[in-house]
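Same chain, two partners: chain A is paired with chain B first, then with chain C.
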Partner chain A sequence: MSDNLSADVVVIGSGVAGALVAHQLASAGASVLMLEAGPRLERWRIVENFRNQADKDDFQRPYPAAKHAPHPEYAPDNDYLILKGPDAKSYASQYLRVVGGTTWHWAASAWRFLPNDFTMKSTYGVGRDWGISYDDLEPYYYRAEVELGVSGPNDGTDLGSPRHQPYPMDHLLLSYNDQRFYDVLNANGFKLVSEPVARNSRPYDQRPTCCGNNNCMPICPIGAMYSGILHVDKAERAGAKLLTNAVVYRLEVDAQDRIVAAHYKDPDGNSHRVTGKYFVLAANALESVKILLMSATDKWKNGLANSSDQVGRNLMDHPGTGVTFLADEPLWPGRGPMEMTSIVDHRDGEFRREWASKKLHLNNQVQTRHATLKALSMGLTGKALDDEIRYRSAHTVNINSFHDILPEPNNRMRLSDQKDALGLPRPEITYAIGEYTKKSAVHTHEAYAKIGKLFGCREIEFNDTFAPNNHLMGSVIMGSDPRDSVVDGHCRAHDHANLYMATSGVMASAGSVNCTLTIAALSLRIADTLKHALGKAS
Partner chain B sequence: MKAHSLIRSAGFVGLALALHGTAARADADTDLVKRGEYLARAADCVACHTASGGQPYAGGYGIESPLGTIYSTNITPSKNGGIGNYSEAQFDAALRHGIRADGAHLYPAMPYTSYVKLAPDDVKALYQYFMHGVAPVDGAAKATELPFPFSVRLAMAGWNMLFLDKAPFQPDPAKSVEWNRGAYLVEALEHCSSCHTPRNALMAEQSGQAYAGGALGAWFAPNITADPVSGLGGWSESEVVEYLKTGRVPGKAQAAGPMAEAVEHSLQHLSDADLKAIAVYVKDLPAIRDVHDQQPGHVFGSSNSDEATLRGVAGVSASNSAGGAELFSAVCASCHQPAGSGSKDQYYPSLSHNTTLGRGDTRNLIAVILHGVARKADGKDVFMPGFGADSLVNPLSDQQIADVANYTLKQYGNPALKVSAHDVAAAREGGEPPLLAKLPRLMPWLIGGLVVILGLVAWLFGRRRKG
Partner chain C sequence: MSTHGRDDARRAGQLPAMPERRRLLIGAGLVAGTLALSGSWVRTALAQSAAAADVAQNANFLALSRLLTGWPALDARMGERLYAALSGEDHRFASQVAALADFAKKGGHANVEALTAALDAQQDELAKTLRRIVAAWYTGVVGEGPNARVVIAYADALMFQPVKDVLMPPTYCQAAPNYWVAKPPMA
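On to the complex of A and B.
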C-alpha cells in the first residue's frame, strides 16, 4: 500500500532536524512524507519508564530499542555500535531511534557557534572551513531559537556570538548551586555565564514553565524543555505524513544522479518504496552515513554522495573530562534544571592554533543517588548513614567539559560485517583522540583543581578519561570543494542535486558547544532552500 | 433616580468632581472616555471582540455556540469595517437591544439581554470611549455564517420578544448602596448570567434558575447562588473578592477557561469597591440547590499518594497501556505533586479541596485536562498545558483522559462521579449540544417553520405596537 506513496519532499528521520524541515515545508503547502525507523513513544510512558528504572543515570533506558531499529544501549551493552581504535570507548555514543529523536533527552543547551568556529582553517590554520559564515547562519539561529523556545541571558552577557534580537525568553533564575558558582568563579578570574537553553522560563508555545523536576535527561515530564516531538506533532498537524517503523535501507538513484526513491523495511522485513522530488536525509550523523553506504551501486561503488570518499569520515564529538569533589559549604545541587551555567573563558583565542577550545559546565543534577551509594559503601547505618547521605547530597560538586576535536579522515564509520535483526549492517567506528585535544585537557585538569581550591575541596576525583558527549559531527562534512567534502554550504550533496542532509554530520568543526541549535538553524535554512525550489516560498 | 445616582457615585466619584469643578469641557470628555474605558473593562468587551493575537476590539474572535461559530465584529471606531459611522443612538440600539445600524439582529452571543439594563449615562460613556479611546482598525471581521435555519437573523426578533426583558435596571431601595452597585455590575455590565444561568431549549436564560450554573461549550459555569452546598454559601465575601481579583482561592477553586478570561481581561481591573459590591450581591443571590449535591465542592478529598505501590511493578516497557494511577503519576504529579497536594505556594493547586474535582459535575475537570489553564492575573502567568488533540506536551486519548479523571475523582475529589470516554469525546466537540442545536438534524423543516412563525409573530407585534 505504502509502496505507492510519493511526496514533494521525503524526510528520512523525525528528530529535531527532520521534524523542523517537515513542519516548515508542510506549513508552506508542500506534500511531505517523514520516514522514521523507530516507534512512537508517548511522553507519559517515557516518564513512567524513568520512574521505574533503578539506574537513574542510564538515559537510554526509558526508550527500549526496537528490535528492527536498534539504537545503542549500554546497561546491558547491546553492542550495536562496534567501536575500534585507541579511544573506542570515548565514542560509545547515545542516540535514539524513536519518533522525535534524541532531543527527548538532552541538556537543552542551545548555544550558537562562534564566528571563528566556521573558519578554523583560515583563522587558526587547523581543521577546516565550513564554506559558510556565522553571518549566513545568524538569521536562522534566531529563527531556531524562536521555534525551539530558547531562554537566555537578556542582560547583556556577551557569549561571543553576535545577535540582533534578544532571546525569545529571559533566562530562569539560577539555582542556589549555580548562583554560588557564578559569584565565586567570576570573582576569581573565570568567566561563568548563564547558558542559553531550549527550556521555558515562562509559558511558551502551549508549554509550561520549567518546574525543576531535575530530570531533563532522560525526560522532561512536563514538556517545559524542547524536544523534536514538538515539531513532529506540528508537522503532522500541518499535513505532513509520518510513517513509523519504516527503516530506510536504500536510496535509489537514476542515471542523472538524482535520488528517485527511498526503500524501507517494515518490522517484518518486507520492503517498500516511496518516491519524491526532494530527499532530506535527517537520520543522525551515523545512521545517515549507514543509509548512504548501503545505497552503493555499480556507479557509486563507495556509496551515494561519496565521490570525495569523505562519507563516514571526520567523525567528531566533544571529548569530555570531569571532576567531582566535596565543597566546604552546602550547595544543594538538584534544584531547577540539570544544567544552567557554563565556564566559557576558553572557547576562542589564538591558543586554538595549538590546542582545543572548550566549555566547562557545572552539573546541577541531584546528587542523592551518588551520595547514597558512597555512604553505603562506607558501611554506615542508621543516623550516621542518613547524615552522610545528607552531607554528600548537599556538598557534592561535579563539573564536566566539552573539548574541541579536529576533523581527521581516519576517525570514521564504516558498515560492519555484523548485522542487526533486519539484516542491515551495524555501524563500525574507529576513533582516536589527538594531541590537539589532549593538550587542552591537561589545561582543563588544572582549571578543575583551581575551582576545587576555591570551594575548599575534599575527596577531589579527576576523571581524565575522555567521555563521549553524543554530539556526532563531521560524518557528511560540509565544504566548498566537492573533492574533499560531502555537502555544500546549503547542506546539499555535491553529487546529487536533490539530496539534502539535515544532520550534525554536516558540521565541519566541533567547536566547544552542543550542536543542536546549529542543526536546527541549518535545517531551517534547508527548508527555505526547498521552499524556493518548490515555488512555495511566501 | 436617587438610587441611580448613588450607584454611579460609588464607582465614579471622579466624574462628579470634574463636573462640579471648573474643569474645562475637554477634561470632562477625557473623563467620560476614561469612565467608558473602565465600563468597557467591566463589561469585558475585549474578551469577545479581540481575536487571539489580533488588534484590540477588531473582532474576529470565534464564539463556539452550539449552533455554530459566531464571530465577533470589529467595534473599533474605523469607518471602514468598524463602528465609526455609528451614531450614539445606533450604538445604544446594538448594545442594549441587539440591533445593528443596518437593522439586522445580533445573536444573543452578544449579551444585550444583560446590557439592556445599562444606565443611559454609562452607554454614553461607552460610546465616547469606543469613538475616542480605541484605536481604529480597518477591515470587517470574519462574517458569521450559521447553518440554516439559524442563519435567518430575523428570527431573533421573535426570540427577543419572548426572551428580551427591556425593563431598565431597578435598584432595590430596601438594599444598601453597595448591594445595588453589585447588582448593577452583576446583572448588567459583567453579564454574569449569560454564562452562570442555564439556558432553555431555545438558548434563553431560564429565569427560574438564575445563576444555578450553565454550560459553556466544554466548560461549566458553576452555581454562584448563595446556596451553601451547591453555590457560594460556603465562601466568605473576601474569598469571592480574592477569586475575582486573582483568579483563585487556595483550598477552594481556580479560574480556567472562559472565567480565566473574565478575570484576566475584566474582573482583576475593577476597583476594590466594585469587587466588594459584586461579592455582597452574589452572596445574596437566592439560593438554588442541586438535589444531587451532598456537600460543598471544596470540602471533598485529602492528599494521598499511590506512588509507592506503582514503582517497579510495571517495569520499563514500550507498550502504551496503563491505568489511571500510572497516568496520574506521569502526567499530573510532576506539578500537582505525587499526593495531589500542589506546590507550597499553590501556584500548582491542590487537587483535594478543589471544586473542579468536588463539584457534582465533571465538565470542568474534563475541560481543564483537554484545554489546560491560561490566566494572567495577580502578576502571575498561570499555565497548565492541555492534553487534547492539539497538545504539544502529550495528547491523550478519550479513554486515557477518562481514566486519569476517574482516578483523580476517586483520590482527591467526589468519588461518586464517573467520567466516560464518551463524555470526553463530547467535550472535545464542545460539550453536549442543547436540544435546539440537535433539532436541525432531526427535523429541519419543523425548525424552519418555527422560525418563520416566530418571525411573523414578531412582525405582527411590531405593527400592532406602532399602530
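On to the complex of A and C.
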C-alpha cells in the first residue's frame, strides 16, 4: 500500500517547480516521490477540449477541475477562491491542479528578474529585500533556460539582467505585426524588445520548432512551448515515482520540528501517509499555504512554518491594464506565436521609489473570433459581414501590461470556513491594490494613448480595471530575518530544517515580469542544496 | 481539418473559380437555366431545395442558410446539427425558417444585405431569426450563457473563411516556421 511509501525526497506538487526538483534529484540517484492532487491529462485531450468549448477566452475550461482537487473556474464561477477586499476581482486567479501544473497554459515568457528587483528596500526604500542577490541566482537562471529551452535575442539586446552565456536558442523571427511595432515604437521613444521565451526556435530537447499554431494559451498543440509536464515525464524516466489524485492535507511534524510525513486523501476520501527525509512544498503559492495552515498543531497553532505569522500574507500578482484599438494599417495579428515582444522602458529606475515598474506587451493573438462577434453584434450580414471580419482581424491592436505591486501583509490568504468535496477548506483571499500601483497605471494609460496615436487609432478602448495575471507571489515570502519571513535564501522554512518551498510564493518582490523562470531557477537551486544534503552531489 | 465553401465547390466543378464568393450564387453555371424564369437570386437558391424534398426540413434549412450566408457549399451535416440546436432552443424556429424562406422568395432582393434591410424595416422577429442563423454558421456555436452554449463546429465555422488566406483557426498550423515574417496580404 501507498501508506508504506517512503523516499529521500517527497515533492508535493508536479508543476514546473516540483517537476524540476524531482527530475534533478532522481537523476542524481535519490529516491523521489511526487504527490499531485489532480489527475493526469493528455495533450491531445486538452487540445480537443479547447476546440469543443464555446468560450475560447476561458483558458481554464480545457482543464476541467477534479471534484476532489478543485481549481478556480470562472465561466461559470465555481467559487473555489473566496475573494474579498476592495480589489477582490483583481485576484480572480487561474491555476491548474493537474499533472504538469499551470505552465500548460502560459505565454512562455521566460524573463529573468532585474538585479534591483531583489533589493527593492535597500535600493529604492520600498517593499522588501529578498536576502539573496541576482548574482546568487544568475547561474541558476542559465541552467533554467537550458532546462526549459529558452530562445531569446542573442543579438546584444540589453534586457537589464546581465548574462554570462547566450540564450540556448536564438529568438524566433518577429511576426510582421511585431516587426511593425518594433519599427514604429523604437523610432518614437519607446523601448520594445524581442522577448525571451520558453519556445523552440529550432528542434530542441526532442521537441519541434514553433510553427505558429497561435494557441500558447490555453494549450500548445505540438509541444514547441515548454510546459512542466516535460519534466514530470523526465523525472519519471529518471526513477521518480508520481502519485496522482493524492491531495496532501497535512504535513506531520516531530518534536524536533522536522517534517516526518505527508498525509494525503485519495478521491474517495481515504487517508494515506508517506514518509521522507526531505519535503519540498511545490503546490503553488496558494495551495502550499493551504497545506501549511491545515497542518496546524498545538505547538504550531498558526500553521507550520508560521512563527513569523507571514504564511499567506504579502500576496502579490501583476495587476494588469490593457488597451484595444483599430490601427490605420493592416497588421494581421495572429501569425506566429501569441506573444513575441514587450515594451520595457519602465522596468527599472528611480521612479520605483514612487510608483510601480511595469512591462507592456503586444498581443499577437488571432483576432478572427473577436472580430466576428463584433461584426455580428453590428447586425451585419452578407459581404458587409465578411468585409468587417476581415478588416477587424487585420487592424485590431491589443496591448496589455504587468504592474509591480508591493508586498503588504494585509493582502493575504486564509482558510475559509467553506469546504471542498473532500472537506478541505477553500482559500479565502483579501486583496487591495495600493497607490504605488495605481499611479503607475495612470502613466501606462498615457503610454497606451500615445501608442494608439502612432497607429492612427480608431475605436480606442482602455481597460483600466486591474486584471489578474495569475502570477501568485509572496505567500511564503523569502527573507533573511525569521521574524518577518517564511523561508531563507535557499527556500528553506526558517522553522523546519527539512522543509523547502519551490513556489513563486517565496518571491519577495513582484517586479514586472512573470515569475516562471525565477521559480525554475530557485527550484534548481533547491535541488542542488538537497543533492549536497543527501550526499548525491557529483 | 475538412473544409467546405468555395474551394470544395470549385473542386466539385459546381462553380466557376471566382475571387469574390458573393458572386458565386449568381455565377453563370449555377443560374443560367433559371435566371430567366425567376429573375431572382432567391428563387434560384431555394429551387435547389425542392429537389431534395425527402429531407425537407433540413434541406430547406440548408438552402435558406446558403441564401443567408452567401456560401454555396455549406456542409449538410453541420446544417443538420445547427438546425437541431436552433430548433431545440426555440420551438418557433421551424415556422420562422418557413416564414423567412417565404419572405425571401417573394421579396426579390438583390442580396442578403438587401433582404436584411427589408426585414429590419418590416419583420423584426424574422430579422432576429435571420441573424441567429447567420451567427450560428459563422461562430459554430448556438445558445446563450456559459452553460447553454453548444459547439457545433470549430474550424468549419464560417468566420474563418473571410481571412483564410492570412489566418488559421488557432491550434492549426498554417505553414512552415517563420511564415509569419512575410508581409501578409494588405487587403
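Note that the second predicted complex is superposed on the first by the 538 of 538 C-alpha atoms of A that agree within 3 Å, B and C clash if a C-alpha of one lies under 4 Å from a C-alpha of the other, contacts with A are read in each partner's own complex, and residues count from 1 in each chain.
As a working rule, a contact is a pair of C-beta atoms (placed from the backbone, for glycine too) under 8 Å apart; a residue touches a chain by one contact, two chains touch by 3 or more.
All figures in this text were calculated on a predicted structure; none of them were measured in a lab.
> Quick check on the superposed pair: does A:366 touch chain B, chain C, both, or neither? Answer first, second, both or neither.
second
> What is the contact status of A:421 with respect to chain B (first) and chain C (second): first, second, both, or neither?
The answer is neither, since A:421 touches no partner chain.
> On the superposed three-chain arrangement, identify whether chain B or chain C touches more chain A residues.
C
> In the overlay, answer first, second, both or neither for which of chain B and chain C A:214 touches.
second
> Is A:233 in contact with chain B, with chain C, with both, or with neither (first, second, both, neither)?
In the superposition, A:233 contacts chain B only.
> Answer with first, second, both or neither: which of chain B and chain C does A:222 touch in the superposed model?
both
> For A:47, decide between first (touching chain B), second (touching chain C), both and neither.
Both chain B and chain C are touched by A:47.
> After lining up the shared chain so the two structures overlap, which partner does A:442 touch, if you call chain B first and chain C second: first, second, both or neither?
So A:442 meets neither chain B nor chain C here.
> Where does A:382 make contact in the superposed view: on chain B (first), on chain C (second), on both, or on neither?
Only chain C is touched by A:382; chain B is not.
> In the overlay, answer first, second, both or neither for which of chain B and chain C A:497 touches.
In the superposition, A:497 contacts neither chain B nor chain C.
> Can you pull the chain A residues that chain B and chain C both touch?
47, 51-53, 209, 211, 213, 221-222
> Provide the residue numbers of chain A that touch chain C in the complex, in ascending order.
Within the complex, chain A contacts chain C at residues 47, 50-56, 75-76, 172-176, 179, 201, 209-215, 219, 221-222, 330, 332, 334-336, 365-366, 368-369, 371-373, 376, 379, 381-387, 389-390, 393-394.
> Mind pulling up the chain A residues that touch chain B in the complex?
Of all residues in chain A, those touching chain B are 39, 41-45, 47-49, 51-53, 61-62, 64, 66, 202-203, 205-209, 211, 213, 221-223, 230, 233-234, 237.
> Touching chain A in the complex: which residues of chain B?
310-320, 322, 326-327, 329-331, 334-335, 343, 348, 372, 374, 381, 383-386, 390-396
> Which residues of chain C touch chain A once you look at their complex with the stated criterion?
By the definition above, chain C touches chain A via 20-22, 68, 70, 111-113, 115-116, 120, 130-131, 134-135, 138-139, 141, 143, 146-147, 149-151, 154-155, 159-163, 166-184, 186-187.
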